[in-house]
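Just so it is clear, A, B and C label the chains in written order, and each chain counts residues from 1 on its own.
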Amino acid sequence: MFPPVSTVPTGPGAAAVPLELHEDRCFDPDPAIRRVARALYEETRPLPLICPHGHVEASLLAENRPFPEPAALIITPDHYIFRLLYSQGISLEALGIPTRSGAVGKRDPRRIWRLFAAHYFKFRGTPTGAWLDYELYHVFGVRVQLNADTAEHVYEHISERLASPEYLPRALFERFRIEVLTTTDAAADGLEHHRALRASGWQGTVLPCFRPDALFRIARPEWLRELARLEAVCGSPIRDYGAFGAALVARREYFRGLGATSTDHGVEEPRTERLPDEEADALLQRAIRGEASAADQQRFEAHMLMEMARLSVADGLVMQLHAGALRDHNEPIRERYGPDKGADIPVATEYTRNLRPLLNAYGNDPRFRLVLFTLDEATYARELAPLAGHYPALRLGPAWWFNDSIEGMRRFRQRTTETASIYNTAGQPVGDHPPRQVVAHHVIDLEDARPMARALAYELAKETYRLPAGDRPLQSGGGT
Amino acid sequence: MFPPVSTVPTGPGAAAVPLELHEDRCFDPDPAIRRVARALYEETRPLPLICPHGHVEASLLAENRPFPEPAALIITPDHYIFRLLYSQGISLEALGIPTRSGAVGKRDPRRIWRLFAAHYFKFRGTPTGAWLDYELYHVFGVRVQLNADTAEHVYEHISERLASPEYLPRALFERFRIEVLTTTDAAADGLEHHRALRASGWQGTVLPCFRPDALFRIARPEWLRELARLEAVCGSPIRDYGAFGAALVARREYFRGLGATSTDHGVEEPRTERLPDEEADALLQRAIRGEASAADQQRFEAHMLMEMARLSVADGLVMQLHAGALRDHNEPIRERYGPDKGADIPVATEYTRNLRPLLNAYGNDPRFRLVLFTLDEATYARELAPLAGHYPALRLGPAWWFNDSIEGMRRFRQRTTETASIYNTAGQPVGDHPPRQVVAHHVIDLEDARPMARALAYELAKETYRLPAGDRPLQSGGGT
Amino acid sequence: MFPPVSTVPTGPGAAAVPLELHEDRCFDPDPAIRRVARALYEETRPLPLICPHGHVEASLLAENRPFPEPAALIITPDHYIFRLLYSQGISLEALGIPTRSGAVGKRDPRRIWRLFAAHYFKFRGTPTGAWLDYELYHVFGVRVQLNADTAEHVYEHISERLASPEYLPRALFERFRIEVLTTTDAAADGLEHHRALRASGWQGTVLPCFRPDALFRIARPEWLRELARLEAVCGSPIRDYGAFGAALVARREYFRGLGATSTDHGVEEPRTERLPDEEADALLQRAIRGEASAADQQRFEAHMLMEMARLSVADGLVMQLHAGALRDHNEPIRERYGPDKGADIPVATEYTRNLRPLLNAYGNDPRFRLVLFTLDEATYARELAPLAGHYPALRLGPAWWFNDSIEGMRRFRQRTTETASIYNTAGQPVGDHPPRQVVAHHVIDLEDARPMARALAYELAKETYRLPAGDRPLQSGGGT
């Protein structure tokens, strides 16, 4: 993507091993499959990137300031990286992760980087390792393998790059040919950075996504603060369920006004159940008094998923559901460092019975769209593909989180394509396997696979998320 | 199978793309595996088809009338097809599925066919798509790809074929070289069509299978009607559990008299538990009064599975158990169109603890045989293969329903062969993978794989289902 | 491993088929993958075997007597073999398995062997079949395929070999180049054979492993006998929880004194929960009175896992947890023949919530190490890899029991490597797949795969189990 840069070090790392990415990287070793894969890849490669779900901050692009130094850019904020280092006995302090109390002093970023580099070989065979090699090579032009000896050199090299205008956030956005990037934003977020982006005249499309989870977790100690934020942004008190619902409607409208096409919801268990309004109100009252229990929250969340679906029918926002992560499994780590420190662990998840009330109520409605994500692969073939292969409102989101890897994506497609067809999935922005495999087995031919590959890489994401100018119908390819 | 027929359209579909099925279709792209696969396939290909479980109506062969026009033959009765079209936003009315009230008028079959053809590309990568291409090419001699442009032509072509004597049900049965075909029949069914078939002098072997599920679902509103049917066919009132049991014994005997070798049972959860007779009688009394609850039904079903096993020990009928489908998940669809409209969704299923009472009571008895089917692949390696690799009575049925596909069959064999051995499975009438793979890995050699392939394609199905003339012992192949 | 021996029979088995093991046995048929696999295999092949978990009796090596005749050596004690024969309708009596009452007379070993040989073809495609072929060929030098015709000849051949000094247990131990072999021993075991081995002057390293399960199953009828054994070996009465705990500490110390580096724990469900000491004592008192219920046992086991972890922090013994087998599923078989007759069946197992108390209490402690084993593959990617990829104390044990097979090992690596990295696993002593695959896909290169293969075959097992002289840090390979 970026022009290669000669960076063979001449100092202490002179004996360093060159970093080379094989031209057949990630391609199947079988020549028949590889030939098909290459053909499909060449055709989909020039397509722009559609990124309908992510965690990039809008402020990054609104402010367009240079990225921080390499350790703060690559290591400290990435739980995929620090969780593995932590599992291998390296303390989070040593990696520069601040404690909640702020008691631990700041770390020298170069020391953090060297520690990372010395253990970098432990990422071999992981998607993080594969992506980092790609990033070092293609984005930063590094040409030596990262290890203890080359750490300093690579650090310097990346730092230099980050200082140049070509590495400013907007410049990278454009070079990566991102057509749409969607952020994730709390319901009470004022979306100032999104407003600033629109006002700036910059042409990149960055859309907000409405994520009200925190408002539905009524048993959490921080819930009252979340409610206060909602009251503040709405400018009026919220003391009953009617006002709560009206505020959510208003916020959705506000998000839509800034281009949002979707909402996002994260739950441990995807229960759905409609409660009478009086009961929802009683739960809310208990929460306002600080008395809501875990069971109360579970019922409230189940009800609010029904409500969010109902509102989606009305306002057209695509509803995303991410289920199955037990958050902050490691209590001592959460107490010391706060939430989101690489200790979210999946649990077995049930969809068939849990989603029945919601799908029975809204799943047949052409105005509704629900995109499902799971961390429990056992549900791919057993529950998700059959559900998506029946309900018109349902699409399967791509392999998520721990499963967003070469093997994980392959398993996702092998277990969902036959029952759901690729056309009931939201695509997968990165390269995909099933067309290659079926073509190589001659079940479909290459001509037919071409529009499938294009759909997976581009069209399905746009169509699923109702993104601007995504109204071109899917092409059937050869023969039509 | 059928001689190819030149059918290149000269009308509007003139620009149509030829339909060709590659000679290596479904074969592994790896030459080493493909070579083995070809050798095994050539040997098993001439074997007749053993079809011990299916849903073909005996009336079809008894009456031997021409099949209806293409839409009524291929689309309207096939939930694999209309579920996927429905999931893509096409209404069931538009596909000619009648509502329960009959309020919706009849559809022009050609319009249905055109709609199907226009969306046919969405079946790419699904087993339905693979089978349809096969059927169009080999059974009907179609030589153009089906799409919106060729819809009319293909419709005409199939219609013509269906009008010829070669496409009558019995003619196809013979051409397909079906050695045995088993139907599925309600316990109270008089089996008139089976009697007619026997009386007709036609040589094809068509056997009934005893499926009494409807009589065990005592909480369903239609249960009393089912009981009345049983009373009618038995010619005496059934007012207590003793009479109920006697009626079932009599019906099994009647089915056996018409050649049945098996029974079939479908449950959501495979619970098994013997109740005292008085308790079974109390449940039946409640059902007769129309007062049985869902919990009552669950206990009654668990008990009746034990009873069915007990009777199988006595009369030798092979017991099949299909577990794990939540039927008619989509309530609005069920209300409008009735049951079985493509909305059956699997649930996680437990076998180890659930089947323990039944297997402890009958699983060591050489007279008993139980064939297990699952929709929950997570149980293949974890529960089913270990159970089948121990209990003499147990055989694993082939990959079922959503899993009856190329990837699904492969997963079934990869997860069951090592622990259960292929000899504790009922085979898989269509081509099978594990011998090819292990041969290509040189764990067994081609000579040893030959009898395995033959067992999988033919002998195991006959032996498992105790089919006529199936008493030849399995061959061990090379060296004996 | 052993020099091939010409053993073509000239008698009745003259027409026998030669037994040959292909030089590419178990290697991938794809030439690109095979080339990598061969390179890695050649490098790891000379490494000694590390066997940190097993069920070889120390007495075998302490006494170093000749092995018994082939049937008693190979068939009667191996539930992998007799379970499959039993599943195919062969009675356990016919295989020489004694009943508990001893009522059934002794069987002629040659008759048992012939029965086994006649059904040997049913093991094709199973790991047992693959291993047996290997053992016959490489260990015993057999050069004809085993079947009904060659049974007698092979029996004679093996018998002769077993009579020679080269086939004594210690001689085989040395030829197999076993560096460490760990046995499994009850907590109350006096370890006399381990003492004898140390006293013998023989150089082989054989270590005990502390397995106190029987003492925690307080609802079992045999529990009081186990407690009495513990009292006897400790030389003092154990009448309260304090004394019970002290006895366990003393036994661990005794095991450590004889070289133990690990403990082992088997549970059906891996629940962990710390109870107040008074409650643990109350449970123990109920057990002493013979009144403990199944629920009592479950709570006691959950508590004792916490205690075992606490003691491991203190004494450094590596804790192993094997979860998920429902033991002796076949009650009639257990009643007639006793436990462990091939009827242990896995159940779905939950780790994320069950292990949370234990991991929260000890999982962040660098002194603690827990090695997890599962029979439920659905947990590999969903629960185990995420847990091992976070908690420093956790390592994943290799694919276990039914999954300890070619396909099973492949699935283990495909589902754990990406999230946990190979460095959070305990390796797998036999050949391993992931490096080959990723190398063939060019995600990592061969130079980098070399230290990974070595780690998997040797170093990780030594490091995980804190085995003697295992303190060499893992190598990162190329470039450092």
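In the analysis below, contacts are C-beta pairs under 8 Å (C-beta built on N, C-alpha and C of every residue); 3 or more make two chains touch, one makes a residue touch a chain.
Everything numeric in this text was worked out from a predicted model, so none of it was measured.
In the Cα superposition of chain A onto chain C, the rotation angle, rounded to steps of 5, is 120 degrees. At the interface between chain A and chain B, under half of the residue numbers appear on both sides, which makes the contact a different-residue one. Chain geometry summary: the mean Cα position of chain A and that of chain B are 40 Å apart. Annotation for chain C: residues 30, 348, 378 touch two or more other chains. Residues 16-17, 20-22, 24-30, 83-84, 86-89, 120-127, 129-130, 145, 147-150, 326, 329-333, 342-348, 375-378, 402-403, 405-408 of chain B touch chain A in their complex. Of all residues in chain B, those touching chain C in their complex are 30, 32-33, 348, 350, 352-353, 356, 359-360, 363-364, 366, 378, 381-383, 385-392, 394, 414-415, 417-424, 434-435, 438, 440-445, 447-449, 451-452, 476-480.
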